[in-house]
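Listed next: structures, encoded as structure tokens.
Note that subunit A is present in both complexes that follow, paired respectively with subunit B and with subunit C.
Up next is the complex of A and B:
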């Protein structure tokens, strides 16, 4: 994990750390250079004062409006710039979490750390950050009122789309993931309801609560990431050393879901998810994935359940919509062995983008308009959760204010 | 001439007299009943058909009117439409200029802009009509025509389409009027028949029954009044409905096929016919490394195990990604000038892609 340039890195208590962090983040919105980096104690004190001041300035810049949604992790408000009521933003206020009473929630740190580095049309923009009373962290995010991709996928009756639209959406998603990886960030929670839709139809990758940067060699990462239905087999097998291709698998699952209009593999447990992958895509073995049996969490499936890796014919039958070239891309994204799977760059270099049909223009994309409430719904969620699914064990607060 | 003065009005008479003698060959309508006069929009001198045939059949020739001498072509001779030759000329000029300056109001941001444009055009027309700065004006028009060829032809097509729509609309209205008339006639006919039937019924009843004749007459009359008033109401209702339809009609028509729907199409076309570029999967974002070339393989004994240990590689861990990041971070600070960024701070903080990452790395 890259070291973040914080003034108070060690020797301070947790509370101070969180405060300093929030402040230093607020400073970032004003300028790229961070005060107090020189290390002198006086400079630090001055820096803190300056940080306080800048934080206050930033906070004054925005007006917090209606509550859009509330979850266990965050409350989302609609807001706007004080000088311009037309410039809408979403303000995500991170709750002081019970687990991290003495600091910041990991999700918030991750989200901040990576969103402030990534600026791309297909990634949700973080306008600025400030801390309010009680050291609550507020992220000022781009306002995306058109709902998310999941709504479009689920509305089978109301929304119709074809290969051209799928291509446009996948192109946007592909660019977002590629840009993350090109900047050495693993998103680790790609799924349709983290793909928000901007007013102009652009898809924006949101929720970086599980993101992290590429790990150093010999430094393991947790395998408990990515919402189950979109989790690649290596993570289900407990691999602790993985790469950007985990996101590519999620992309492949989203791709399949866009075509099927239902999740490709809806496992109820991790084991069940593996079974579904075995059935629908193929059972991993030493032949198609050398070394897989050595993985920590490897589960052997008896011969009854084992299936050979599905061939092109199966994919053409199930995903005929995208044509044979598109099926090639899908197969490359849903390859069991992560080393053989396409990288994000290879996905974008695929020849499917150049074949017919041409991707639909942004303005002609079908839209449903989830409205502000849906954005609140999407942002308040904590990473890796399935909405009201079996994986969602945290009791959610009832919110009577939101309709 | 053996014309009796006072028989015709003085002005038409004069015009008639002028009309009747060709200024070139001096032959008059008296000698040639079928004489036709033609003009050429080059100089607007009038001459008879036979003169045109005689002089211009063998190619372009100078105008025979004394002091004119412009080169004219037979092809361009045409009949005079308006009596006053000056107005004829003005109409021609207007038609020509407006064919070039055919901008539409919806192409302008505000009405004022449109009016300003109209005024500019009017100045050009005025110049041409009054022969002031003709050369310069012509040059201007030609330059505009050359510059805006596509817009002009598009607007021309639009106007053409519009005129077709207008004719179609008028046709539809005529058709509706015809139907309404037929219905009215039918109704009148029905009414008349009913009245006659009523009369017949009255006579029959009077003939057959033995009751009070007055009472019977009254009864039948009452029934008739009732029926007719009911009919009147019905007609009223229908008329009202029709009126409502008529008031809605402009919307209906314009929204549907002819007016607004068409206009919107025109507007959309104005928005710029999209140039079909090849789809760029990268969306125009290119991340190039300015200061180093990334190699396929970096040799370091520390990395070897990560490359070969199946525990690490099986999950897909890629040493190449680590190397790319290491290289990026090693060079990320180069080319970042904090002084410059401080200067540009107020302009745009979040503008460039990956600048944040670079600044982060620079601050390490």
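Up next is the complex of A and C:
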């Protein structure tokens, strides 16, 4: 966007917002233009610095309700706007860890940095941020009471769905991922239990604790990201230069999981994950992926594990539900070579979206209703964790030394 | 969704873009609030010293009888912050941090001092955390102990203590959009144009070859300079323009108010115009025709931005400027808010309040327990024991 020479601001006059917009801005973040505001909060904080006053004003806007869940990293509360008890929000309070001497944890820094910038119907909305006493950060998030996609996938008995529903969900996920990449953000932890469901059925991508902006050329990134079952082969091979297609692989794994109703490849270790990819999708080699053998963590697999890349017949047999066009899309997302894999944009341009069946309308989607407690569970997690699974704590700690 | 629409959703646009007027009024409000705070704190400190009355009563009186304190003006605050922005650059460069860490740290300081005054929090104490926090947000994180080791006589605790204050001053928005990346894009486009591979914007009917020919005929930036005659010479012209523009983005763009007043593309285009106006105009011709009303509108903004960049405080301040900053710093010594001097202590007290697991107890709690102990000792001496507690008077548990 920076290359656009068009003036985003017409001189400086366009900063004057329309009254309605200005009002909504004030609700989101407190209005900086009115420091002399005679509100109750201001009176209380008299003499305090402007920043403290603004914080106090934001804090006064919300009422914290009952606890929805508690983890090592955060406590999640139900809350609402003081002026309107109907307007529910989730308040995620980041715990101050006295053991952690490095200040604000990286998960929180990443989540805040990116959620503050990304506003999209399929990305969890961050309404505002304030600190309570003792410097605890409180993230006021959109309230999403219908659980997450993982619950729907697992409830094989209770929840029935077909290609049309899968199309709706994947469409929403695809738009969320495209929007992240369009804003130069890699999510790096896409999986079903980070896809929360709103009251109206809309899917919302959550947990930006592992997200980061695209790197500048020649500057590497850590490969220790994305929960193992959803981690693409290049990261398992230790690649430090990668693109948005890491998220597209995760998206492909979610796509497959929606159809199979179990994770496509449930590796117990990183090597085992690679073995499963070799067996189920194909073994990476210089032919199907030029340059793969030069990756830092490349492992050669013996003949037993060496499988040619699975063709359309295999996919049609296993994922027939989505039809042959759908299978094309899945194969494009699960392409071994990240340079040949679809980008998020290409995913959205695929003809499967325009092929029968039409995606199910939001209101007709099956729902389970995980209820508020499930949101508490989902939000309190750290990036990279799966509860009670062998993939637990995979990417919990980023290895910053290996830069 | 256009690029402009996306930019308008950014926090840099929503919270950190101003008109010159709103920017000035914000700074003056911040200054006024700080002056009030300083005066009231000094007044109550003096009252305490005289041993007058309770704390609460004095605070209220303080405002009515303002003590004579010579406070910093907005302009003095600005110069001092500017000086520490320079220090920030020097320090970030000394640590070999990439440009984006340095640039973000400087903007963090500038943003922080829009709603905070140096009279309340000295920039010397905010500078290290601005850099350290930028290493976190710009993906260049190093451990706090390694970081603190790079500073003389600074403990990890001193670095990290104002972190919360900083994040609050930043209104919990950490993303800073810099013009550097855009400049690199423009540079690549210019090189493509010089190689005969350039693509004009839709609606401009010129072939890549025509553009290449035109480019060779772009007059030199200064009349006495020789004309670039071949595509090769044009490329070396572009190279030197690129270096100079980059330097402006690393200095004047950061030290001036450019980030508050203009968008990243406006800033790098203005830098390009400052360095080589004929070449920059030619580049704009490939985007927006001279006849377009948008072009004249754009030029007004770019000219204003060029002025902002030109009037930036120097990145190499002379003797006079350094002396002026020393004078301001001396003046500040007498008008600092006495309540906010001990950032480490303030931070610890607040943390303790939140988590008392580490065994350290708040002074208040210690006092209260001592009082309780003394009371129970006294009561213990009474043969009938203490009076039964009345529920209504029961003290709240700590």
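Observations
To be clear about the criterion, the second predicted complex is superposed on the first by the 339 of 403 C-alpha atoms of A that agree within 3 Å, B and C clash if a C-alpha of one lies under 4 Å from a C-alpha of the other, contacts with A are read in each partner's own complex, and residues count from 1 in each chain.
By our rule, a residue touches a chain if its C-beta (ideal position, glycine included) is under 8 Å from a C-beta of that chain, and two chains touch if they have at least 3 such contacts.
Since the structure is predicted, the reported quantities are computational estimates derived from the model, not experimental observations.
Contacts of A:180 after superposition on the shared chain: neither subunit B nor subunit C is touched.
In the superposed model, A:243 makes contact with subunit B only, not with subunit C.
Of the two partner chains, subunit C is the only one touched by A:134; subunit B is not.
By the touch criterion stated above, A:116 is placed in contact with subunit B and with subunit C alike.
Look at A:94: by the touch rule set out above, it reaches neither subunit B nor subunit C. By the touch criterion defined above, A:50 lies against subunit C but remains apart from subunit B after alignment on the C-alpha atoms of chain A.
Once the two complexes are overlaid on the shared chain, A:213 sits against subunit B and subunit C alike.
In the superposed model, A:294 makes contact with subunit B only, not with subunit C. Legend: residue contacts after superposition of the two complexes on their common chain; A:104 is shown touching subunit C, with no touch to subunit B. When both complexes are aligned on chain A by C-alpha atoms, subunit A residues 2-5, 29, 32-33, 116-117, 119, 182-183, 213, 215-216 touch subunit B in the first and subunit C in the second.
Those residues of subunit C whose C-beta lies close enough to touch subunit A in the complex are 1, 3-4, 6-11, 13-15, 17-20, 22, 26, 29-30, 33-34, 36-37, 40, 98, 100, 115-117, 120, 132-133, 136-137, 139, 141-144, 156, 160, 163-165, 167-169, 171-175, 177-179, 181-182, 185-186, 189, 261-266, 268-269, 284, 287-288, 294, 297-298, 300-301, 304, 347, 350-351, 353-355, 357-358.
Interface of subunit B with subunit A (complex): residues 274, 276, 278-279, 281-283, 285, 287, 302-303, 305-306, 310-319, 321-322, 324-325, 328-329, 338, 341-342, 345, 349-350, 352-357, 359-360, 363-364.
Taken in their complex, subunit A has these residues touching subunit B: 2-5, 29-34, 37, 116-122, 125, 127, 171-172, 174-175, 178-179, 181-184, 213-218, 234, 237, 239-246, 289-292, 294-295, 337-339, 341, 348-350, 353-354, 358-359, 361. Those residues of subunit A that touch subunit C in the shared complex are 1-13, 15, 25, 29, 32-33, 35-36, 47-52, 54-55, 96, 98, 101-104, 106, 109, 112-114, 116-117, 119, 129, 131, 133-137, 182-183, 212-213, 215-216, 219, 221, 400.
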